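One structure follows; several queries about it will come next.
We call the chains A, B, C and D, going by the order they appear; numbering starts again at 1 in every chain.
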Amino acid sequence: MVAEKQSKFKWGMAIDIDKCTGCQACVLACQAENNIPINTEDNFKDARGIEWIRVERYWEGEFPDVKAKFIPILCMHCDNAPCEPVCPVYASYHTAEGLNVQVYNRCVGTRYCANGCPYLVRFFNYWEPEWPESLQNQLNPDVTVRSRGIMEKCTMCIQRIRRGTRKAKRDNNEVMDGDISPACVQACPTEAMVFGNQKDPNSKINKMKNDKRSYTLLDHLKTNSNVWYLAKVDEDMDSHSKEGGH
Amino acid sequence: MQQRRQLDEKQINRELLNGNLETPKWYYPVMGVLGVGVLIGFATILYMFNRGLGVTGLARPVYWGLFITTFVFWVGISHAGIMISAILRLTQAEWRRPVTRAAELLTVFSLLTALFFPLVHAGRPWRIAYWLIPYDWARGIWPNVRSPLFWDPIAIGTYLTGSTLFLFVALIPDLAILRDRTTGIKKTIYSMLALGWRGNPRQWQLQVVAGVLLSALMLPIFVSVHSIVSWDFAVTPAVEGWHSTIFAPYFVIGAVHSGVSAVVTMMCLMRWLWKWNNYIRPEHFDALARLLIIVATAWLAFTFLELIFSLYGRDAPEIALRELQMFTWPWNLIFITFLLTGYIIPVGCWLFKRCRNNIAVMFWTSILVNVGMWLERFLIIVPGLSRKQVFVYTWEGYWPSPVEWIILVWSFAWVSFLMLLFAKFFPLVPLFEAKESQVFTTEMKVGRATVPMVIRE
Amino acid sequence: MIEVPVINNTEKFNSATNSLVSSTKEPLGGKLKLIFGIFGILSVIGIISLILKITTVGFDVKSGWGYYAAIVSLLLGVFGTAPMVAIAPTIAKADWHRPVSRIATMFTLAGISTSILAIPLIFALPPLVVGGIRRRSIWFDANIYTPHVFFGIAVIGLFLVGLGLLWVTSIPDMAIMRDHSSGWKQRLGKSLSRGFVGTERQWISLRARIGMMGTFYFMFLIFVHIIYSVCFSLELVAGWKDAIYPMYHAATGIQSGVATVIIGLFLFRKYWKLEDHIRIDQFWALSKLMFATTIFWFYFFICAFMIFWYGKSAINEMTIAILVNGPYMPVFIGTLLLSFIVPWWIIIWNPVRYSPWMLSVVAAIVLIGSVLDRIRLYVISWQVYSDEMIHKRYIPLDEIPENMIAPSIFDIGIFVGFISLGIFAILLATRFIPVVSIWERHQSILLTRHIKFHRTEVYAVGKPD
Amino acid sequence: MSKISILGLYDNPDSAADALDALSEAGFDSNNFDVLTGTPYPEGAFGEHVPQHRLFRFPLFGAIVGLTLSVFLTSTTQIVYPLITGGKPILSIFAMLVIMYEMTMLSAVITTVIGILFESRLPNISMNVYDTRITEGLIGVSLVCTSDKKETAERALNSAGSMEIKSSGR
């Protein structure tokens, strides 16, 4: 693709399922970082909760010897994203840095992209978002507060990426691997999640994505996602995880 | 066997203009009721704009619900017009004549209504209003031509413009008749609209050529419109229930099924309300029912092909989807109702000549067909979304909220309101076609039998 | 309403009868004998090469049967759907079809070649259970030889129903042959016309029978097309999921059928001297049909292609590689040109639709196009089939072969031979059955009039129902 | 010399046809007189000369215009904003096809309607004399001639047995 050659970044993420304990730290960090409205109980009841990253739990095996398997799912920032071309107003498109971005200002809320997304990581604002008085000052100034009627989704914390690249530019040195990390990656206690630049040959993510355990979700749809998962080291579960998620 | 009555032009004028030159006594009460419905509908829409889409029943993963269903439904109904007037004109079917205008009218108004729904279902309709329509000059970035949601307005706009012009061209001679029957301000308005029609051979010849040529041009548009609407769904690989290659012809044939049935419904109403028994005769219903049997059967065949090939892949999401769609409450009930009303009951009736010639039966069966067709779209869209991929993790079914139901009812009130409004000022049955059929049909004696003859030039 | 004068048609009737009956009577002149000889020899060649193919290639080498399958599918279209040109207008009560219908219906006789060719193909088709595992099929969990049985029954049934249709529609003409000819023809006519003398009751039952047989034939045809297209190409490609494919197959089949009828009409009109029975109106109407079917080719194609191109999933990309831009891309481009673009562009002009020979040129182009179309569809599906691959979710792009396989000499022999066999059958029939049905010709004489309308003369058509 | 228009009304087609013959015998040019009916009759039913039209050129022209416009619109939109969506090429031909097709058809239809109006000489603001009974089944034969020919014209119209003759100067 033309535009991709111009940039020296292609961001990506790798998640080691083997290290994931399902502690939900990433979920909380994401909610705090990105001004996501509080998911109250009613929100979840009418299936309108917004969680840019979620931890799915799968029970494997029969009681008593059951194993829980956790898999954090966020926007895969696919290169062939089914959500992008269907948007009539270019609100969702692919940046030169390989990110799948959602331009809130353009979005008119047709929700077509959400139908196109096979991972269900795009969310619609049904109501005007509200925060309790105590949290008013907690909002992140770098992130837009999305009004009602538009789609939103994981941005790989684009505000942090911008900050990192700008800083590197200012004290003119290269962006080192690990300089930039989204909130979820930063918050992960077991360092199961790794974020980095795929065009940097010796970045950690490149090693992980070329690992023999690595796989991507729903690869038969050929979305060319930029989030890789490293299968759990567990003989009787490898077979499952190969088939994308289950 | 059609019982042919000779009608002179005076009588045709008197009978077919009875809705325009004088007002039937049922007119104002009916308009009042419909008007109230329309107002309630618009109020509801404004309320929804004000509060946000939260007032609908939509929830993840069903992001499209009743609004899109109804949008597809009305686009489907709109296929009545060109089906009747174009295809039957090109195949020179004599019985089309009294129906053409009403059918084209239905096309125009149902398209207008259909266009409402993508607007109201959007999260920020006011933005669409000044960003996408007419075109996006506001932010210096034009719409994405790769998006099916951009193909839709183009296709539907083309169809709407085309059928409106078609309607107007065919209306000119009748406007001239009205011009000659009215006085005062009405006369001036009609004279302006009639563009000084005199009815010399040249104008009549062009009128005939125009019919054929415009039909030939509208036919490809007619096919393309619903194909493009179906591609809204079919192009998304993520939704197993939608990603099927048969969708385009399947939607088109379904649209013809529902559209022609809607025309039948309208013909019954015209016969009952304006007493046009000389023009809308049982033989017309008979012919339409025969046509509908073929269309409906083809449509059923497509339905089964689509079903077979969705299961043919034997993918888990597909099977889960079909289980939900056919065997899980409440969808199983809807599915059965859809089969019964969409095909089994109506076609079962139409097989018998007695039913085909019975106006009341035709009325109710045609209404059943449209109930079924609405349910079909609902069954395609909602279950398809609720089981779209392995990652669906919220299993509550979507069910439309009162707001959505009110807006659905509003659309019906709105269409009939517009139709009646039109019927007050313009003739619903093309007078010159009625007169033409008097000239262009005759009878011949073969031995003792009399055979109706059609004159070809 | 204008008065239609009652005129006496007897002499018109007689002249029509005589000229049409004589078209079967005329002695086998040298030229005709020559033609018969050529087609006979070619058919023999075809049968020989069929036997050779079975013995040399054998049923296990699936890739060797691609062209064979393509030929069968072509014949299903060219000969099988031609009668639709007679059936459809009859149901739609159009009045132009009367001189055409007999020629169209006679192509059912050519079904003999399809039925012969179908039998070896049944043995070549792999069973539903391959390597102990059941492959994807529209027969789901049926007996593993279901498609073979059903296809066999369907093809033979189509042939028989076609013969029935031909016989029913020509009963009155048999009666005429019985009365206006001598020798074996008279005896044959006597036995086939089943004592038809044209009573009211006989005509009514005849009309009912024609309607019934026509509908039967149509249903059988669609059934055959669906089974054939799905079982003999679609199911052999792992992951190819294309709900519109059967309809596409049927539609393109009808396109080639219309083309065949146009060419047949042209030749019979020219060499059987039927100018005063087969008028320009018939070509005019057929050209419209041709135009419609030509557009349908593109419509059905784009309906499928758009979904695959936009969907962009691995399965979609595989399907596009197999159908469009894979090894058979040149063939596909040829199809696109000859099945859609060229004929569409020629036939869009009014003068073309009035001139029979121009129309037949277009029809020939369309036929070549449909040959290429069948090759593009069938050869690769038999080429990529393998007992391991068939169970995969989809065929990876790198597993798709780079280059296309060329037809063997036997394939060409079968192609030429069995088409000639069909034509031979028809030619034989024309010695006995008038190529324009006399009774329908009488009907059109009876029901169409040129009547005076004030200062002009108009053409009026009676429409009894 | 001032021009006037004369209108003769007839109650059956044959006498109207006679009137046309009488007029041409009286030496009027067939472009100057015209038959007005409330019903489309088959061409030449009154022995009038069948008018020629060039309607079929209009849709062709319109189609070409629409095609060029749509090609321009779709290609520029994608070239000016080279935003990659879903890994599709910047110039996605098959997406453009849909829009090209629709816009071509649209402008073809519009030009056709314009052509119809143009070819049937509408809107028509000529002050020629007219009678409202024509749309009730009477057949009018209208004629434009110089005022000195008035008598001959009226004689011709009367000879065919017209119910009524109206005339107006202009």
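Odds and ends about this structure:
In this section, a contact is a pair of C-beta atoms (placed from the backbone, for glycine too) under 8 Å apart; a residue touches a chain by one contact, two chains touch by 3 or more.
Computed from a predicted structure; not experimentally measured.
Once subunit B is excluded from the assembly, the chains that remain, linked only through touching, form one piece. Placing every chain at the mean of its C-alpha atoms, the farthest one from subunit B is found to be A.
By count of C-beta pairs in contact, A-B exceeds the other of the chain pairs A-B and C-D.
Subunit C and subunit D have Cα centroids separated by 44 Å. Note: centroid distance subunit B to subunit D, computed from Cα atoms, is 30 Å. Subunit A and subunit C have Cα centroids separated by 57 Å.
Within subunit C, residues 306, 310, 312-313, 453, 458 each touch two or more of the remaining chains. In subunit B, the positions touching at least two other chains are 141, 143-144, 146, 150, 220, 235-237, 438, 455, 457.
Within subunit D, residues 41-43, 46, 81, 83, 85-88, 92, 95 each touch two or more of the remaining chains.
A complete topology is adopted by the chain contact network, contact being made between every pair of chains. The residues of subunit C lying in touch with subunit B in their complex are 1-2, 4, 6, 92, 94, 136-138, 140, 222, 226, 239, 241-247, 295, 299-300, 303-304, 306-308, 310-313, 316, 446-447, 449, 453, 458-465.
The touching residues of subunit A, counted against subunit C in their complex, run 80, 82, 85, 219-223. By the touch criterion stated above, subunit A contacts subunit D in their complex at residues 1-4, 79-87, 90, 92-94, 224. Interface residues of subunit B, counted against subunit A in their complex, comprise 52-54, 58-61, 63-64, 118, 121-125, 127-128, 131-132, 136, 139, 141, 143-144, 146-150, 232, 235-239, 385, 388-394, 396. Contact residues of subunit D toward subunit B in the complex are 34-43, 46, 48, 50-51, 53, 55-56, 59, 73-74, 77-78, 80-81, 83, 85-86, 88, 92, 95-96, 98-99, 101-103, 105-106, 108-110, 112-113, 116-117, 119-126, 128, 130, 132-137, 142.
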